[in-house]
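The two complexes that follow have chain A in common; it is paired with chain B in the first and with chain C in the second.
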Partner chain A sequence: MQAAEHDAVFTSAEEQEKWLADAMALVQHHAFYMHRALDANNIRDVLKFSAQMLSELRTSKLSPQKYYELYMRTFDELRQLEVFFREEGKRGRLNADIYELVQHAGNILPRLYLLCTVGSVYIKSKEAPAKDVLKDLVEMSRGVQHPIRGLFLRSYLSQISRDKLPDIGSPYEGEGGSVMDAVEFVLQNFTEMNKLWVRMQHQGLVRDKEKREKERSELRDLVGKNLHVLSQLEGVDLEMYREVVLPRVLEQVVNCKDELAQYYLMDCIIQVFPDDFHLQTLETLLGACPQLQPTVDIKTVMSQLMERLSKYVAASPDVLQEFLQVEAFSKFSHSVVEVIDAQPDMPLVGAVSLHVSLLTFVLRVHADRLDYIDQVLGACVKKLEGKGKVKDSKATKQLVALLSAPLEKYKDVVVVLKLSNYARVMEHLDYETNKVMTVVLIQSILSNSTMISAPDKVDALFELLKELIQDSEGQPLSDTVDEEDFQEEQNLVARLVHMLVNDDPEQMFLILTTARKHFVQGGPRRLQYTLPPLIFTALKLVHSLQAQDLPEEGEGSGSVSLKKVFQFLHQMVEALAMVPAAELSLRLYLQCAEAAGDCGLEPVAYEFFTQAFVLYEEEVSDSKAQVTALQLIIGTLQRTRVFGVENRDTLTHKATGYSAKLLKKPDQCRAVYICSHLFWVEDGGTIDGERVLLCLKRALRIAHAAQQMSSATRGTSGPMTLFVEILNKYLYYFEKGNPQVTSSVIQGLLELIVTDMQSEATTHDLEVDAFLASTVRYIQFQKQKGDSIAEQYASIEVQ
Partner chain B sequence: MVLVLALGDLHIPHRATDLPAKFKSMLVPGKIQHILSPGNLCIKEVHDYLKSLCGDVHITRGEYDDDSRYPETKQLTIGAFKLGICHGHQVIPWGDLESLAMLQRQLDVDILITGHTHQFKAYKHEGGVIINPGSATGAYSSITYDINPSFVLMDIDGLRVVVYVYELIDGEVKVDKIDFKKAQGSS
Partner chain C sequence: MCCPEVPPPEMLTLRSRGSARKGELRRGTHADDDDGFGMSGRPKPSNFPSRTTTRGREKNFLVGAFGPPCKVGIEFSDAETRKQASVKKENGQVVMVPLFLGQDSVAGEVRIEPLPGKKVEHLGVKIELLGQIELYFDRGSFYDFTSLVRELDVPGEILECKTYPFEFSTVEMQYESYNGVNVRLRYVLKVTISRSYATNIVEYRDFWVHNYSPQPEINNSIKMEVGIEDCLHIEFEYSKSKYHLKDVIVGKIYFLLVRIKIKHMELEVRRRESTGSGPNTYNESETLAKYEIMDGAPVRGESIPIRLFLSPYDLTPTYRNINNKFSVKYYLNLVLVDEEDRRYFKQQEITMYRLE
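For the complex of A and B:
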């Protein structure tokens, strides 16, 4: 007879403690009498008191945790009982009789506990076949339908029967049954336990749902233990597992339609059974996944499985054959699709993270199969079709994980570029995330020093980096963009250019034109960052073409030639100038001019100089900028040997003209005396001593004018710095042997300086003093040198 | 013993991605007391990197430097030596040692650190020493072809300075050294 089943309404912890204490006390009480009966070999009393003791387990008041404590206490006592029954057997009593005797116990729960205890001894004695006893017990246990009581009872049955199953190689095999019987027994116990466990979900009040689930969690291992037992059976080989165990277990898992049970049991199956079983039954196992409740976190289950199998192949690489044989990847990718289709309410983040798990699996197991990886990306793209830019941040995060995984694995962007679906996945990222991804890509290239040498790969790469390189619809307004961030990003792109390298000039030029194609779509704000590195790369190409000694014109329209590269350069600098970026473009025109000069291309060099001068005249108006620009123009011109007399004169004339027109007198003076070097180019250039002297004299005049201006406005004529500088220039040409620069000229200038410096009208300046002193030291040193230098200097007198 | 690092003309990112890895692994923070750079870094990230190596960084303006606040020239004293820095695009003809010597006289320094040509030079004359550490990244130059990345480390000890030049040739770092002694009692 079954005690009335009350709804399990467990009350406060205090009450629980009290009830447990009460129950334990009673157990103790009955156990005492039971022991007395045991000592007296009084089986009737033994049974009577043990039944009373076991009645305490009929309670409905205890929570699972507390019930467990009570159960354990009772369990200990039952061990004593078992010993007694064994002794009885030795004393000649038939187990069959005891088995019959215990059935007289009044209530079903105690009766069944006693039956199990006797059953244990019964089987061990081999009086009856193990399979019969087991079958009897597992079926009779149906009499207890209360979830907690039933679970513990069946758990007891499981515990005491563990070592008595008719497994292969066990003493109970043969007469006692076969492993099939053992499996049948365990499966039945498992099924019934699961049913009881699931039933707990539907008891009690709706508002206690959370508490119930917590309590169910505490009991789950009782159910799972059965699977563990199955896995330990010797006789459960692959075939038995595939034909009997797995289908039956999955049947129960699917049919119970309980979220908690399904999740736990799937996980249990995966953990408990060996990896090669899973590999061989993959289709069946995965087949259950779409049939599970929609609320089950199936992606975690599948990830677990994929993770386990990845580890499996990592530990024993020769298993890889098996993976290919059973088409593990194919099955997984189908399953992913099926699961997603079966759960139309699955949020996007769930679907994407499934793909991430699958991709992780492929990267670990089939790292050489780029086609598999592309397939996974493609499946994800299909899922994203029509969704445009993904707005959910969690899903986006998973997409980034999906994209980063191959990058981290191969550390080589070139490999990633081979994945045709990669770009398509990126298109679904929102603007900001896409940019983050592009930065990740570039940083991967830079930190791994990946060189990209194929023009088509360069093209593919820039396609991926689209959002960084070009203006697009999704981008925020320019006034909201952080300037520093923008600069950093564009500088990254600039650095990237130097990783695009190919030794073959043809290919290199193709890379340049490909890069240009993308960069020119970047708008004026980007060009000043992206074009200069391209320009310098082209200049490097010029150098390497020079080294190869190719003819000026390449053969055929496709081949690269110096002319083609200079045309490219011209276009690039022109585009930069239009941004506008005058100072930068001026410098780059000069770089190109010098390069063209070194190649002997006079008209090209002249054109570049012209452009530089035009920029100077029209765009450079800041005084300081003009000074530097002029220094660069003169410095470049001074080195250029390619020009004929006419061209050279024109350019030189312009340069000296600009120099004289600088705003501040000191700047003018310096620029003019620097121009002197334009007329003294050694090693085959022009040497014109007179023009040099003219420049120096002009510089002196300007220096004097500066003095006068200063006197007029400030009362003193200013420091003599310029004069000392010019003096040094005189010495320079004196030593070079310019006949126009005689020692008397120098002497005169020297005395002028010394006198003026002593005058009150001159501003006293320590730096000028030091400069003059070191100049004088220099002269003295030269006088003491051997050879002709000393002779030259002999006529110059210094103090 | 005072360690002074001289490096310049990196031209990041216009002409180079970064310092060579082998150089980077040698340049460890905390070992160097001063950094002198003639310029052309060109961006703030490079300046920050140099600052991470050593707190005392002196930079002069190269014609491609982003930061226009760097001075045209700089002078400082380290131990017994007076040092001067100037990028060198202002001194014409470029790379001409006599013209650079004139600048050295003007700045009144024992050691002049200069750049622009991307070619390592250590020139000793009666007025002192002119050092061009070359380009630390081996950046393109219209003046010099076939450049190897290089930089200079000076060990200043009393009146003596040992100049170590590090050059990256075919993937290997080669070191050379030059000794200079300052005349006793010179200003």
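For the complex of A and C:
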């Protein structure tokens, strides 16, 4: 039963090989007799054997590929036959007679192959107008309705007629017909071939469908060749293409209702015809797109068209005018909408990638038209409306591509920020992707060093980066987030802050407020990353304001003043303190205090210090942190000279008080001797030698206490480090000319140290020895200098 | 439906499915009994009842049993220039015979040449022009529909070679010569030398007659829509209903509905020879041309062209009721074969004529 099945019994490769071999052998056999008849000029036998040979092409057993091999074999033989027919014509036989004679063949397939072969000679002889012969051939070929056989027959017809079309400039033009006839002929052959090709899918068993479609795909170039022929016709100018060729081809494409064919042919049209034709007939071509089958991969087709046209512009920029003239963009965008509407089953990824293509087109062709870009994004948003976050990963990918394209093109986020729909598209990204996208955005800013200098742009930008700087729905639980990733992201945001630059302080201040507005919504975890850079930027603003020497009090509410900036700073640090991030905020308070001090704003500076102290008291509990914090406070306080006596006393008193209350004795000791600096501020600050000495003495006392504690608990007194350190402080003040610090005091201390170092109870430490040794060396050096300092040092004895 | 086309019994199922009732979809005006759209279940081209004709007949015009005393020759006067027709004899041999037209004069001379040393005594010599119809099934009996006689000689003796000119001027030979399966129509010249006691000496000379017809004034196209309900509907059109012998049949088949898998389609030219009359009518059909016009399965809306050159085939004009003895009719049979080798066909009579 199966073997007897008439059609398309495509079995295993082996069988195919065998059948092909059999058929080839028979072709060879008949061809042999045909050649003999050719040599004998016996036209009857020639026709008889050639028809027998061609009968081998009537097989239904071969797969398209094998059939093609067989076809090529007979094709070669037919060339010889053609030569023979030409000779016959020269011998005086009328071509018209041969043309009739071959039609006596009883089987249609051999008959039509012979007819085409004779027809080719007939046209060449010009005994009949080419158009008539062509018309007859293409019409008679209708008799072969079997898809594969018909396709190959018509392919043969197309092959032999290619150089015989009455095209403009061809020898067959004129009496042989006009280019219109040529076009008509090719179009008809194309239409019929396509119909046959489409029909191929319905042949044979359902279970072989997939295989068959693959085989069918292999034959597509037979059909497409016709379009190529059309494109090669000299006479097909724009006019003809627009009025005849394109509408007819599209009609067939649309009507065939076959996915494979529609996709291939659309692609073919786009590839074979010239760019300017496409440009001028854009509407027609695009008009066909929504009419295609819903399953056709139309986005690729349209992308290719857009790609082609954008390359066209790139190659010859002067055609841009034409693009504008034909409103290429609006046609494309219109068509995109239509196509998506026409294909309700199109996956989201398709719709989005269509927009990506369109956007790419705009970016290439109309780079200056931001409104177009925004329009594309807007259209995409419209498609996404009501769909919420996009879940499909492919679609997401396309969305990212859509969003990245303008960034890559302009390398300037500011341009992107002008696109009102950009953020709306971003909203549809799922959390993770959105974050990825924001990172891309920031990196683009950073790598291109894009300065953002307008408050509204900043606003827009942070709106875009929402996912990064705020909590949002869809965000994973915080404990599942990798801390490192989180840090990295937030650091990016922090880096971004430095790209916000405006020379106008007022604008800059606005920018900062805008940024803060966004940052404060980010929650405590983010604040500690995002606020510090903002604070430093604000401090930078303070510096520039200071440099501009603006009045302290702002005139009018709009203008920015130092005071306002400090208020702003204060709020931010306060916010940070609430996080809580005590140490960080403490430092920032101090930074602010110093800045305020530099600006001469005593109350402000005082307030900052107060806050710092409060933080110290309430939040800093770790002893090490306390030490560091205290050192920072002392250092800052020392440098801040804005305070009046009263405030200053309060603050220094506090500082020294805290120093003495540190837990560990060495810490206490060190803090206290550092405090001494608070009373010795040169260049117009407080200079109070007595209190300096007081501090130092107190430090000494604590050092003693520490040593005693150590010997009480461990049996040995600890190293003499503290003493050496204090000695150094003494030396410092000595040199600075503190009258309270005399050489005898130093001498005493030095001796004390040396004695203690030699005592057995003291632990020896190489480092301390070295420290002492170098201190001693210093003293000796100073003594030998021979200037005023040496005189001072003269009284100090060193062994 | 015509009797030979009845499908064989095993195709009953098909018949019921196909509901091939004749004329069901008929749109044309042909009320011929053959216009049903029939089917048959066998791929073999002929499924008409085989009624083999006995053909073992002897030549019954042997020249004298004892050997005639003379040679008789009949020569046409314009033998050199006259056209000849090739005629296939029963043994398959092709011979050339002179060709006459219906109103031609038949002239020539009879030459009687006694064998050396013999003389021919006779009661008279005459020549006859006979038009005969021979029906094979009727034991080879002849019916003379034309018989003309010319006396050539009065009774006497022929001692030496003697020639007699003869002429039948503008003879009415209204029928064409025909060699069929069951019937033959022939024209013959018969020379008889009557003798009193010996058998007559008889000599025959065949010739062939063609009659040209004028171009028919009315020559309508044949156009008809036929089909099998919900299965196959086609519309076919042949440009003419009357064709001359070297004509070309041009037409097209338009597929209105195709629900069966058609493998191919062919056009047959068939000849039906009816002999006898009444209950003794014998029909003999033969397919003269089998011409594939479509390969593969068409879909709805396809239109398939037909172009069939008739010249390669051995056709005669249509003969209608020749002398009440026989008819020869021609039919175009459109046959569609599906993948199960079922045949769907539609037969249409066409009129053949001989054009000058």
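FYI, the second predicted complex is superposed on the first by the 794 of 799 C-alpha atoms of A that agree within 3 Å, B and C clash if a C-alpha of one lies under 4 Å from a C-alpha of the other, contacts with A are read in each partner's own complex, and residues count from 1 in each chain.
By definition in this document, a contact is a pair of C-beta atoms (placed from the backbone, for glycine too) under 8 Å apart; a residue touches a chain by one contact, two chains touch by 3 or more.
These numbers were taken from a predicted model, which means no experiment stands behind them.
Undergrad: With chain A superposed, do chain B and chain C clash or fit?
TA: Fit.
Undergrad: Scan A:Gln591 for contacts with chain B and chain C and give back first, second, both or neither.
TA: first
Undergrad: Based on the superposed arrangement, let me know which partner A:Gly150 touches: chain B (first), chain C (second), both, or neither?
TA: second
Undergrad: Can A:Ser774 be said to touch chain B (first), chain C (second), both, or neither?
TA: Only chain B; A:Ser774 stays clear of chain C.
Undergrad: Would you mind checking which one, chain B or chain C, touches more residues on chain A?
TA: Of chain B and chain C, the partner in contact with more residues of chain A is B.
Undergrad: Given the superposition on chain A, what is the angle at the CA centre of chain A with arms to the CA centres of chain B and chain C, as a multiple of 10 degrees?
TA: After superposition on chain A, the angle is 160 degrees.
Undergrad: Check whether A:Pro166 is in contact with chain B, with chain C, with both or with neither, and answer first, second, both or neither.
TA: Neither partner.
Undergrad: Just to be sure I read the superposition right, which of the two partners does A:Ile634 touch: chain B = first, chain C = second, or both, or neither?
TA: First partner only.
Undergrad: A:Pro64 in the overlay: touching chain B, chain C, both, or neither? Say first, second, both or neither.
TA: A:Pro64 sits against neither chain B nor chain C.
Undergrad: In Å, how small is the closest CA gap from chain B to chain C once the two complexes are overlaid?
TA: Closest C-alpha pair between chain B and chain C: 72 Å.
Undergrad: For the complex, give me every residue of chain A touching chain B.
TA: Contact set of chain A toward chain B: 446, 449, 487-488, 491-492, 494-496, 498-499, 532-533, 536, 539-540, 543, 587, 591, 594-595, 598, 628, 631-632, 634-636, 638-639, 674, 677, 724-725, 728-729, 732, 735, 767, 770-771, 773-775, 777-778, 781.
Undergrad: In the complex of these two chains, what residues of chain B are touching chain A?
TA: On the chain B side, the touching residues are 11-18, 21, 43, 45, 63-64, 89-90, 92-94, 98-99, 101-102, 105-106, 108, 126-127, 139-140, 142-143, 145.
Undergrad: Inside the complex, what are the residues of chain A that reach chain C?
TA: Touching chain C from chain A are residues 5-7, 58, 100, 103-104, 106-109, 111, 139-140, 142-147, 149-150, 195, 199.
Undergrad: For the complex, which residues does chain C have touching chain A?
TA: Against chain A, the touching part of chain C is residues 261, 263-264, 290-299, 302-305, 307, 309, 312, 339.
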